[in-house]
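In the two complexes that follow, chain A is the common piece, with chain B as its partner first and chain C second.
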Partner chain A sequence: MTGFWPIFKRDLFALFVTPMAWALMVIFLLLEGLNFYWLTVHFANQVDLAVDHGPLQWFFGETVLFYLPLLMLPPALTMRSFAEERRAGTIESLLTAPVSTPGIVLAKWCASFVTYLVAWAPTVLYIVILRRAGEVDWRVVASSYLGVILIGASFLAIGVLMSAMSKSQFVAVLLSLAVTVGLFILGIGEFVFDRGLAHDICSHVSIWSQMADFSKGQIDSRYVVFHLSLIVLPLFICVRVVDSWRWG
Partner chain B sequence: MIEVKHLTKSYGSVQAVHDVSFTVGDKEVVGFLGPNGAGKTTTLRIIAGFLGATRGRVTVDGIDTVRDPVRARYRIGYMPENVPLYPEMRVGEYLQFRAELKGVPRARRKQAVERAMDDVRIHDHAQVLIGNLSKGYRQRVGLADALVARPSVLVLDEPTAGLDPNQIREVRELIRTVAEQHAVLLSTHIMSEVEATCDRALVIDRGRLVAQGTLDALRTLRRSGATRFVVRGDGARAVEVLKNTGEIHDVRDVRRIADAVVLEARWAAMADPTRETEQAVHRLVAADLKLQEVSPVKTSLEDVFALLTEEEPRESDPSVEVEDSAASREEVEP
Partner chain C sequence: MSDTSRNHRSDDGVVTRSTKAVSALGVLAAMAIALLVNIVSARHYARWDFTTAKLYTLSHATLSTVRGLEQNVDVQVLLSASDPLYGSVKNLLEVIRSNTTRLSVTFVDPDRYPAEFVAIQQKYDIVAGRSEDGRVVTDAAIIVASRDRHWFITAEDLVDFSEVDDGRTKSKLEQSITGGIRAVLGGKRSRICFTSGHGEYSLDDSSGQGLGEFRDRLQKNNYDAETIDTTRSDPAKALEACDAVVVAGPSTAFSQTESDALMARMRAGMSGFFLLNPIFDTERKTQLPTGLESVTRLFGIGLANDFVFELDDDSRVPRGTGEIFFPSLEAHATTEGLVGLSMAVTGLRVVAIRSRSLDVVGDGVRPVTILKTSERAFGMKNFHAWAEKGGEPTPTVDDRRGPLAIGLAAELANAPDSSQTHGARLVVLGTANLVLGQNWRDMALRGNALLAGNIMSWVAARPPIVDIPAKITPAATLRITEASLQEIVRYVLLFMPGAALLIGVAVYLRRRSRDDRSDHGEKKKGSLSHDDSSSENEENR
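Showing the complex of A and B:
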């Protein structure tokens, strides 16, 4: 893991010292704010609240305003990580420093992950506001955020890999969007196929169903394992990709 | 100390570097010379650990760069071609980051950065954004980066490319200073660069090492060897005597100084210039000609370089080992 800490700090620095992270966070918070605004408008007129279709379920997964940033933010955060280093040539000074490849890959993923968490952090305020208007089950909040974190972490891992596989940020963001949006659409297949293998596969990878579960306080270990493997596998491949540059 | 043994690098069917072997000793500045595309950058990148070799081995201070890459890289300060830097960082921040990356302990980091900035004289630019630096200053930051962890070996890829004459002189001085403690390998395609900074040169062409040796040795390389005779008296007769000497390729009457004539004799390809010169001197003296001066003609490195890189490399032995003794110089009293 040699070199993890300085690279992690530098990547975080690079995200926040350029307008990159700030611009992304502004857009992200605008969308989430809009989501919350609609939520309050919607539920202000609702007299009878269903237990599993309350404001929390709305906020964590029943609107496009939740999924849009969830799918878009990770690719945008990771697109620069390797692609920009390769374009600018700085990858050469990085790889010739006494650092291990897993250290570099993990540092880049962690930097984007921390930025992702920072982007989500202000949304806790919405829950606090909700709490002032009524009851909030904090365990449900915790499981919802667990879902957001797991999905984000795995999408970021995919994003880092895609960034390593392309020389331009633009291609990187397109590739990782293709994968994350593709995965989402595959999950929608759950509602297209009634039964059979296709239905099982689609429902297993369905981000929609996963968030529906997480936002109701259910933590399905299959989903946790799915996302953990979706973090480990791309990062592992990414290490191999970076190593392969030496032998290309 | 860098040891490169039988290094080969292929990209598919193209061989960028073919069976290159050399060593760079401590406190030695070695110039890696070759036209563009000869394989200089590829070789340096393999040494620095950015590329893997197809065959062959590189060790730095005895540490294999493939078996123990991280430990080997601790010992190398590498400045890549074009000096890639992060434009959003300030010079001081960047060097701080590089020092940490290269394992300089926290307690000594600040001091190490200061020293590196002193070495390349960029102290007054510590707070400047790298994106706003001129080419010359970027180059210095690259050098400071290579120096910051005080590695035992410096590998510099075209350290003076794109600099103005003043900056070039400064960088050269800097390299000479640095070489008092480090082994330095620098690549260039400019001859005067090697003449100004290096103790020894390696000439590479189309991936093969075509010559290596000290600068003097390279200059008096036998194949371009010639000797100047300054003879007083009958010039035509002197030419005749010389032409009859064993292995002379041709004799040219260069110019006249007062009553003396300056002749240049080029030796045949396989001749031994030292012995041939001795013989020629004997004959000229025996022929009663008054010899004023005998000296080897210093060919410029440019000539040697052009000569070495324009031919097809020989099949049997791609490298020409040049001995210092070839640079002998004789003075004969008139």
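Showing the complex of A and C:
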């Protein structure tokens, strides 16, 4: 893990001093704000009979406005990780510096992860507003954010890997989107296939179902294991990819 | 180049093939391990309930029920995927299923699998209608079945919603499902006795004018239905083994002995369903008492000797003189699925033919009206006088004026030493056509069939077998005024993104000015170095 801190700080700083990170933040807050506004209008006028279907469940996973940033933000945050370094030629100096490959990969993933958390942080204010207008189960809020964190972390890991596999930021973002959106669409198969292997596979990877559970205050070990493996595996492959550059 | 990477190179600087192969194998192994870990985790998983109300944590009653299952139990969920209760039911069943291998769960979405749904509909005699948004809504949301027994759970059984309680929802999912599982497991079947010997409709008559269809439905619902003739044998002995008694349209009066025997059994906890249409003595041209007046009086229900005519055009069928009409239903356990939204969805109505009116009498038990006429209806006291004369029926001063109760339900207080959770129950209807076979054959009369089934379930209800308190969830409503909504719009759509935008602009401007300064510095440095080089040149020269 040699060299983790300097690279982490440099990448984190680089993300926040570029206007792009803030532009992403503005778009993210606009989408989530719109999502929140719609839910307040909905629940101010009517209620659902379901026992576990309230404003929190709506906010964390009932609309496309939630999934849009969840799918788009990680590729946008990670596209520069390695692709930009390779394009600018700075990767050579990084590889020749006395830093370990896992240190480089983890530092880049952690920097984008912290940025991702910072982007989601203002949404806590929505929950505070909800608390003032109604009732909020804070334990359910915690499990909902755990879902957001796990899904985000795994998508960021995929994004870092895709950035390492391409020289262009644009290609990196496209590849990341292809994987994350593909995963999301595969999950929808849960509602398409009848009971069987295909249904089980789709429901295992279904981001929709996972968020539905997390937002209801249910933490399922299957989903936690799935996302932990989706964090570790791409980062491990990424380490091997970066190592291969060192070998020439 | 780092030491590590140098180690991978051979002397001539080329990466060995074995290093690449090991690396590729490592990636493949990692993928395989990730896959295996996921397969194992999918088979052996745990779910943690983070809700404050412990919505998904099973009670001891449920755990002991499902873990102790010795026979297979099938649960069929007939909810549309878009139903708000679908997710909640699915979650709970998933948790229950993780505790037993004896429970199989099938989801039959009526919208996606209409053929499969129709088959279940016919097998279990389920009523279905469509909601405003096109969803299929059934009177049974879940069917719990095991061997030859089954149990229906309606949407109303699953959740309590109270607008007066700030839109708070109380989950009864676990209670209902566990109750359903216990209901289909072994135990004693309720015994329903149908009286005979007074010209009642026959249990063995499978025609549209008999009780054969009703008997079949009762048997499908885990009841034993049998006929008892209280006129021939000792009525007290005949009633001894009955959990509930049905008197379906007698045409002659019950004797005092029979009445006393019924009263004694009902005081002891037996329930009853009396369908007492007007009885006429055609020779004397008078309306006869049923002989059950003292029994019904015990429950605060009086039987009027009259004949109801409905004069409101919206509440009667166009043909006839108003003796066939549509009584309105009042909210009660016996009218679930037929009142309010359910009625609007299914469009089912109850049809009453030849009815007497009922009264609330005495100061003890207060019966609840479940069926009543319109305000324009009246109960004709002297039916024979009008029958001889003919013409349109018109109320006289002696007649009872609407709205008239033609269905009352009452429950006695439970005896202090009783093991039952409620006392004897009695439902009295002023008409007898609700239990006839035609109600199950003619779709236009399905409202009658549903009401008869509901009444029987309520009357013969066994004591609740599970005691799981309803779980209170946070109120789903938001107390938001128009002004605060505007404030929310300003905060979430203007101030928060606006703040991020301002910070972004500030970062951009600061960076730009720093870049400008560094450019300027480099230029200056460049010009300085140019001066230096000129002087150096001069010196060289």
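In the analysis below, the second predicted complex is superposed on the first by the 243 of 248 C-alpha atoms of A that agree within 3 Å, B and C clash if a C-alpha of one lies under 4 Å from a C-alpha of the other, contacts with A are read in each partner's own complex, and residues count from 1 in each chain.
Throughout what follows, contacts are C-beta pairs under 8 Å (C-beta built on N, C-alpha and C of every residue); 3 or more make two chains touch, one makes a residue touch a chain.
Here the structure is a predicted model, which means the values were calculated and not measured.
*Asks:* Examine A:R10 and indicate which partner it touches, taking first as chain B and second as chain C; both and neither are also allowed.
*Replies:* Touch partner of A:R10: chain B, not chain C.
*Asks:* When the two structures are overlaid on chain A, which partner does A:R246 contact: first (chain B), second (chain C), both, or neither?
*Replies:* Both: A:R246 reaches chain B and chain C.
*Asks:* If we overlay the two complexes on their shared chain A, which of chain B and chain C does A:T96 touch? Say first, second, both or neither.
*Replies:* A:T96: touches chain B and chain C.
*Asks:* So in the superposed three-chain picture, is A:A212 touching just chain B, just chain C, both, or none of them (first/second/both/neither)?
*Replies:* Only chain C is touched by A:A212; chain B is not.
*Asks:* If you count the residues of chain A that each partner touches, which comes out higher, chain B or chain C?
*Replies:* C
*Asks:* Looking at the overlay, what does A:F170 touch: chain B (first), chain C (second), both, or neither?
*Replies:* A:F170 contacts neither chain B nor chain C.
*Asks:* Would you tell me the residues on chain A in contact with chain B in one complex that are also in contact with chain C in the other?
*Replies:* 17-18, 95-96, 98, 100, 246-248
*Asks:* Within the complex, which stretch of chain C touches chain A?
*Replies:* Residue positions touching the partner: 1-2, 4-5, 8-9, 13, 15, 19-20, 23, 26-27, 30-31, 34, 37-38, 41-42, 45-53, 55-56, 81, 84-85, 87-88, 91, 155, 159, 161, 167, 169-171, 173, 471, 473-480, 484-485, 488-489, 491-493, 496-497, 500-501, 503-505, 507-508, 511.
*Asks:* Given the complex with chain C, which residues does chain A contribute to the contact?
*Replies:* Residue list for chain A touching chain C: 16-19, 21-23, 25-26, 29-30, 32-34, 36-37, 40-41, 43-44, 47-55, 95-96, 98, 100, 122, 125-126, 129-130, 133-140, 142-143, 191, 200, 204, 212-213, 216-222, 225-226, 229-230, 232-233, 236-237, 240, 243-244, 246-248.
*Asks:* Along chain A, where are the residues that touch chain B in the complex?
*Replies:* 2-3, 5-7, 9-10, 13-14, 17-18, 88-93, 95-100, 246-248
*Asks:* Going by the contact rule set out above, which residues of chain B touch chain A in the complex?
*Replies:* For this pair, the touching residues of chain B are 11, 45, 48-52, 70-71, 73-74, 76, 78, 80, 82, 84-89, 93, 97-98, 100-103, 145.
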